[in-house]
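Chain lettering (A, B, C, D, E and F) follows the sequence in which the chains are written, and residue indices restart at 1 in each chain.
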Amino acid sequence: MKKSFILAAAVAVLAVFAAAAVLGSQDSAAAPGAGDTGSISWIMVSSVLVFAMVPGIAMFYGGMLRRQSMSSIIAQTLAAIAIMSISWVVVGYSLAFGSDAAVIGNLQHLFFGGLTEEASDGGISSLQFATFQMMFAIVTAALIIGACAERIRFNAMVWFLIVWSVLVYAPMAHWVWGGGWFDQYLTVLDFAGGTVVHICAGVSGLALCIFAGPRLAGTRKARAHSIPFAFLGAALLWIGWFGFNGGSSGAADEVAVHAFFTTQIAGACGMAAWAVAQYLTVGRVGVLGLIAGAISGLVAITPGAAYVGFAESMLIGAVGGVLCFMAVRLIRSKTKFDDALDVFGVHGIGGIWGAISTGIFAKSSLSGVDGLIYGGVDLFVGQIVAVAVTLVFCFAVSYAIIWVISKFMTVRISDDEEAIGQDIVEHGEPAYL
Amino acid sequence: MKKSFILAAAVAVLAVFAAAAVLGSQDSAAAPGAGDTGSISWIMVSSVLVFAMVPGIAMFYGGMLRRQSMSSIIAQTLAAIAIMSISWVVVGYSLAFGSDAAVIGNLQHLFFGGLTEEASDGGISSLQFATFQMMFAIVTAALIIGACAERIRFNAMVWFLIVWSVLVYAPMAHWVWGGGWFDQYLTVLDFAGGTVVHICAGVSGLALCIFAGPRLAGTRKARAHSIPFAFLGAALLWIGWFGFNGGSSGAADEVAVHAFFTTQIAGACGMAAWAVAQYLTVGRVGVLGLIAGAISGLVAITPGAAYVGFAESMLIGAVGGVLCFMAVRLIRSKTKFDDALDVFGVHGIGGIWGAISTGIFAKSSLSGVDGLIYGGVDLFVGQIVAVAVTLVFCFAVSYAIIWVISKFMTVRISDDEEAIGQDIVEHGEPAYL
Amino acid sequence: MKKSFILAAAVAVLAVFAAAAVLGSQDSAAAPGAGDTGSISWIMVSSVLVFAMVPGIAMFYGGMLRRQSMSSIIAQTLAAIAIMSISWVVVGYSLAFGSDAAVIGNLQHLFFGGLTEEASDGGISSLQFATFQMMFAIVTAALIIGACAERIRFNAMVWFLIVWSVLVYAPMAHWVWGGGWFDQYLTVLDFAGGTVVHICAGVSGLALCIFAGPRLAGTRKARAHSIPFAFLGAALLWIGWFGFNGGSSGAADEVAVHAFFTTQIAGACGMAAWAVAQYLTVGRVGVLGLIAGAISGLVAITPGAAYVGFAESMLIGAVGGVLCFMAVRLIRSKTKFDDALDVFGVHGIGGIWGAISTGIFAKSSLSGVDGLIYGGVDLFVGQIVAVAVTLVFCFAVSYAIIWVISKFMTVRISDDEEAIGQDIVEHGEPAYL
Amino acid sequence: MKMVIAIVRPEKYDEVKDALKEKGVLGMTFTHVTGRGLQAGVRFTNRVGEFTVDEIEKMKIEIVVEDDSQVPCVIETVCRVAKTGHHGDGRIFVVPVEQAVRISDWEPEPEPAEETGDQTEQ
Amino acid sequence: MKMVIAIVRPEKYDEVKDALKEKGVLGMTFTHVTGRGLQAGVRFTNRVGEFTVDEIEKMKIEIVVEDDSQVPCVIETVCRVAKTGHHGDGRIFVVPVEQAVRISDWEPEPEPAEETGDQTEQ
Amino acid sequence: MKMVIAIVRPEKYDEVKDALKEKGVLGMTFTHVTGRGLQAGVRFTNRVGEFTVDEIEKMKIEIVVEDDSQVPCVIETVCRVAKTGHHGDGRIFVVPVEQAVRISDWEPEPEPAEETGDQTEQ
């Protein structure tokens, strides 16, 4: 079984380069053009910042697990970088942004063939846009890993991400940003990826975590092994979020600055709100609560960062913090799902609230459409439909993918292996000496 | 007592959003304008870089303390982010930059109401400026924490920062940058915050550390628990400093590049000078000395980064390194103050030297005013007065604030609790497993 | 002996400032100019990113060694920052970019005297260029440290870097980028420093490691003490590489975006290829393999980042990953060289492959010269000659420098000291409590 | 009074803890140790290959049992839970203990206790 | 000769060290351990609530006392300093030691020492 | 049966391990400890000066020797390798062991073993 997969991989790689050789000639020449260097600069920076979220996720997740799973989380995140980058270049971008078809793009941009390199009209080139989008694909994949941490075999995760990148991520990106049916039939706003990134990651993670089942009791109740790493990861996430939201306008303009500011203040309000909620409930606050709150606020503002006013963004962040706090408490106490790092609780619920709150607070002067409080119902309904579709689609397809994979290979490590920890069992590489 | 504070907090939060709802309508619409995208991009980047200093401070400080205080330092830094962000948006910016009154601004920009989002004349919008300044407020607050580390209760620190942000930071920012009396009656130059940030943080920290008294002997003589974290934090600080100084011209122009370069070389010279001083005194050099030297150099160049020549910036950095080295030795051996992380020794003394050296070396071709060596006395005197006022004002008000707070709640943890460590006692969250 | 060196250092410092005082007056005034703010912004960002690689190197290297060498690696890296920054400002830049002479520049820009601060024609000022280049010098020096880690005394390393910065780095930079004989007599392309940075660092490191001899068996076979630090460092390296390659066009233009994208995809392909190679050979993959693969891919694309097409960049990255994997295996099993962190195996071999592959795949529409597959032989030959010269020159001079230094001071720590570890023996500063 | 020193696999130690709790054995002390047995060692991966480490992480559990007759029960409980039957399951050693003091129960002797140096010959 | 094994609260261990120094007891070895006693455990915070850990960090101090009559003095000193009167103050155990060697004082026996296998039956 | 407890310099411990392996002594357990001896302490650097720490990192090696006559050989081997002749070389203590069980060799007793509480009085 193993051998055949390796073979498959090898063949795939060869095929890729064969295809690439043919398609390579499609690369448009990079002639000096007259784009807007400020925007080009900012979107490159934003791409770097979004990329920096990926190691952030690894540290954030890894720090909150047992020390026996640190290398494993890191290795899976690194795999996500390689897989999503390559998959996006080879086929993902083309499927997502290749045409305006309702369901899926086309294959005209395989291997980034036919992308323009010249920036025009003060905008950025499609190559730069595609690169920026590549980072989003990587982040989304990396986020998933936290939900089913310490259970899924590395090989199974690799195959899952390969398939998921094509069957789940590319269509989602197409529907929301690529001119797909969300755009065509609904009034939907998703500035920086509330649905595509956060809800999608939260729900895909939930599917994996439900499929794999909970971890052993001992693993589950283990304490975070390194608060500083978790904090450092969260800090990288927050830092990266400025590019995530700030870069989503595609230019260094007022919209970017607006989104930049709302990101910061929603993160701060989310943190404060979570802290107050935790203080009232538990009687004390800790680093893990503060950073979870911050991330909740950041997730919540993502879909509406450029579309809502200042006070509204504070409210969205604060409510996001409290909502996610309650959601995580509820999921942990009332359900059997072992969402190891509360990916659904924070990214799923935060993303849902963010999408809906955009439907409530969007201001037509900023977004072109009015939210509920300004009397606009279309958007509100559209947002809810979009959320619902995303939830169902991502869950169902992710579950199906992992189910199919489980027919070909072992997906879950055994209890004995789990007790020893994936670092040693799978990678032979304990994280610390 | 506790309850009443929570209540107060809850009421405050509600009041905030009530006020915000009213003021929210003041948000100016973000119409597409014709600002300079290069500068917009650079100031967003600079804001990110300055923000990245905050986790840097947490790692830098935390790594130099006992492992039992790591979570506590991180939690306090995170609290500083939330508090300063919210306070700045709600009232701080308006107090600092609301008008040209000598003493303090006004309340016309509560909740960032009435800020322009449109960049004009190749400059940046006031929203972007306010956001950039927000990061400075956060950094200053976070710096304070190091002086009184391992002693002050989390709750007391939270209340201190809330009050301090209004009573100390906002006036300081107003006087130096907001058109206050420094500007009106003195010839003062402070490019990137030598007085507002470094001296202010150093002295406020000193006030807290004197009020709280020294730590237990055992805690005090403990070794740094993680050199890599301290280094990583210092690296983040250095990296962030490029935005701190480089962004302070408010544009991506020659001034920014000049400040960028002097920052780098002053940091390098500060490190080299401290290393030589330490080598001659102690006989060997270590990571903690090297990074302290670098930070001394960086602090020293901050007020004059764009105003002095290249060779002068090297000299300022090098002298800053040696001065801070001697200051820290002196404070540690001759005084009883337990400035845990030498915040006054490095940021206070470094900031004072920086301000004065700006008065000595400023070149009118760069700054518009001549320093002492070019025959300008006004500036030199102005700098000294500004330093003196900052020292007195920040110390007195900070001390008063913590004194008042101590009437309402316990400020200092008990000796027993200190021995166990704040991580467990206050947060129930040991940093490591 | 020791005393005399300190004296020498002190004298040098004094001399420096004396000279600087004279030269300082050469600083051109920073008059407001009409450069392209987008490019100015991007190159400042790139400089920050490249600078961020330096702490990345320290963490990457340190994490892979014993815990007893962590402080030592960090201290050496910090020393590299101070030394290279100062050396570059004082004399290095002038030697490298002072004139078009075949062998070496001149001394007209000592202390950055005579640099323009005004950006013109949409380009960047020579001050900004010199600052950007300074970061490259630091990175190259820091890379060397890994090859001879855990053996060379701190003082010896300091003196080595001081001399090396003038005798090796400055000429190399002059030949490749400063209009030296590579430019004059050969057709050579080196976009972002394949020869100057990677081959040069790899070979200089090899020279040191051969001169110092291998470590003790016990030290040599020790396991990486912290995978998360190694990962964090690698992540910083990758992040910084976007500035390293992306900034090397000197502007925020199509070339930068092209290089930005090829960097990302080559890194991803390098990682994937190394992983597949390791999986087929060893049967499993770990974090250390994945990050080594990524760095191999990034190194390989460096010289040709802007000159090759998309599919070619994927191929270059992938082949780089496999080649370096095999090289490291070979060096470890077949030679006696104790290249502690595979600096030659990864940076040396990766850099050689990168230079040669640029000669193969360069496209005249992108680079102005055709590579081998497009029928251009000149470039291919030029690249090979450049590589050969770099190998010989850097090795010989580095070896000579360390040999001379060994006549004045002990270069290698004793076996006893090695067993205890440099952190304690040399710095008195264990990295962890 | 005996001290039972059990060296077990780290992944088994939670179970051992719980099993001993069930038997009413509460007091015990844990230490992270590494050990070498007859076991060949564990293979680890580095960036390009594998290497063997003969020192393996274990958990040491020290249990002081006041009643000597309880020792076999403790040994049996530990063995039952910690045994996998493979190399590296660990060892149990029993060492005699002569005296045990619970610090929180200790009472200082009346004043003369100050001249500690003298009264040690009781 | 006895080995006094004291398990104390980590925050008390500096004081214990100093107190023993005053009594002239210099040689000792410290180990970071965790332990379970009758103590209920410590409550820790996670992101949304609290959880209890029954294993608590302690410091183990091993002191080999050459002169048996000194043992009570050592025990007394440790107890006096380490006692708070609450759960979890720790325990002291005394174990017999049969032989002690100071490595730096050890002298290799003249040449025949090479055939170590044989001369072990003295 | 004896337990030989050797406290040695951490930089010597690899050599000790190898030397014991040569003598055929395989089973042993290692613990990272810190210790205080007569040694004055080690000087460390902070950012502006130096300070002395009297607690020094050591490695503790516990070796249970089934055959008492082997003890001198073990002691000799350790001393030979670990000795530098300076302060802080470490100590070796020998403690009696009454019983040893190899967990992987242990066999559960037939069914009655379930009522563990009762059968402890053998």
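By our rule, contacts are C-beta pairs under 8 Å (C-beta built on N, C-alpha and C of every residue); 3 or more make two chains touch, one makes a residue touch a chain.
These figures come from a predicted structure and were not determined experimentally.
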(request) Mind listing the chains that sit against chain B and also against chain C? (result) A, F
(message) Moving step by step between touching chains, how few steps can get you from chain A to chain D?
(response) 1
(request) Mind listing the chains that sit against chain B and also against chain E? (result) A, F
(request) Quick one: report the Å distance separating chain D from chain E, using the average Cα coordinate of each chain. (result) 14
(message) Counting only Cα atoms for the centres, state how far chain A is from chain F in Å.
(response) 50
(request) Find the geometric centre of each of chain A and chain C from their Cα atoms only, then give the gap between the two centres in Å, rounded to an integer. (result) 33
(request) Would you please write down the residue numbers of chain E that are in contact with two or more other chains? (result) 31, 44-46, 50, 95-96
(message) Give me the residue numbers in chain B that touch at least two other chains, ranges are fine.
(response) 36-39, 41-42, 45, 223-224, 226, 232, 252, 284-286, 288, 427-430
(message) For this structure, enumerate the chain pairs that meet the touch criterion.
(response) A-B, A-C, A-D, A-E, B-C, B-E, B-F, C-D, C-F, D-E, D-F, E-F
(request) Spell out the residues on chain C that touch chain F in their complex, using ranges where they run on. (result) 218, 416, 419-421, 424, 427-430
(request) Spell out the part of chain A that touches chain C in their complex, as residue ranges. (result) 6, 9-10, 13, 16-17, 20-21, 23-24, 27, 29-33, 35-42, 44-45, 47-48, 51-52, 54-55, 58-59, 62, 70-71, 74-75, 78-79, 81-83, 85-86, 89, 111-113, 117-119, 124-125, 127-128, 130-131, 134, 154, 226, 229, 232, 252, 426-433
(request) Using the touch definition up top, name the residues of chain C that touch chain D in the complex. (result) 221, 223-224, 278, 281-282, 284-286, 288-289, 292, 325, 328-329, 332, 342
(request) Over in the complex, which chain F residues touch chain C? Could you list them? (result) 10-12, 14-15, 42-45, 50, 57
(request) Sort out for me which residues of chain D touch chain E in the complex. (result) 3, 17, 26-31, 64, 95-104, 106, 108-109, 113, 116-117, 119-122
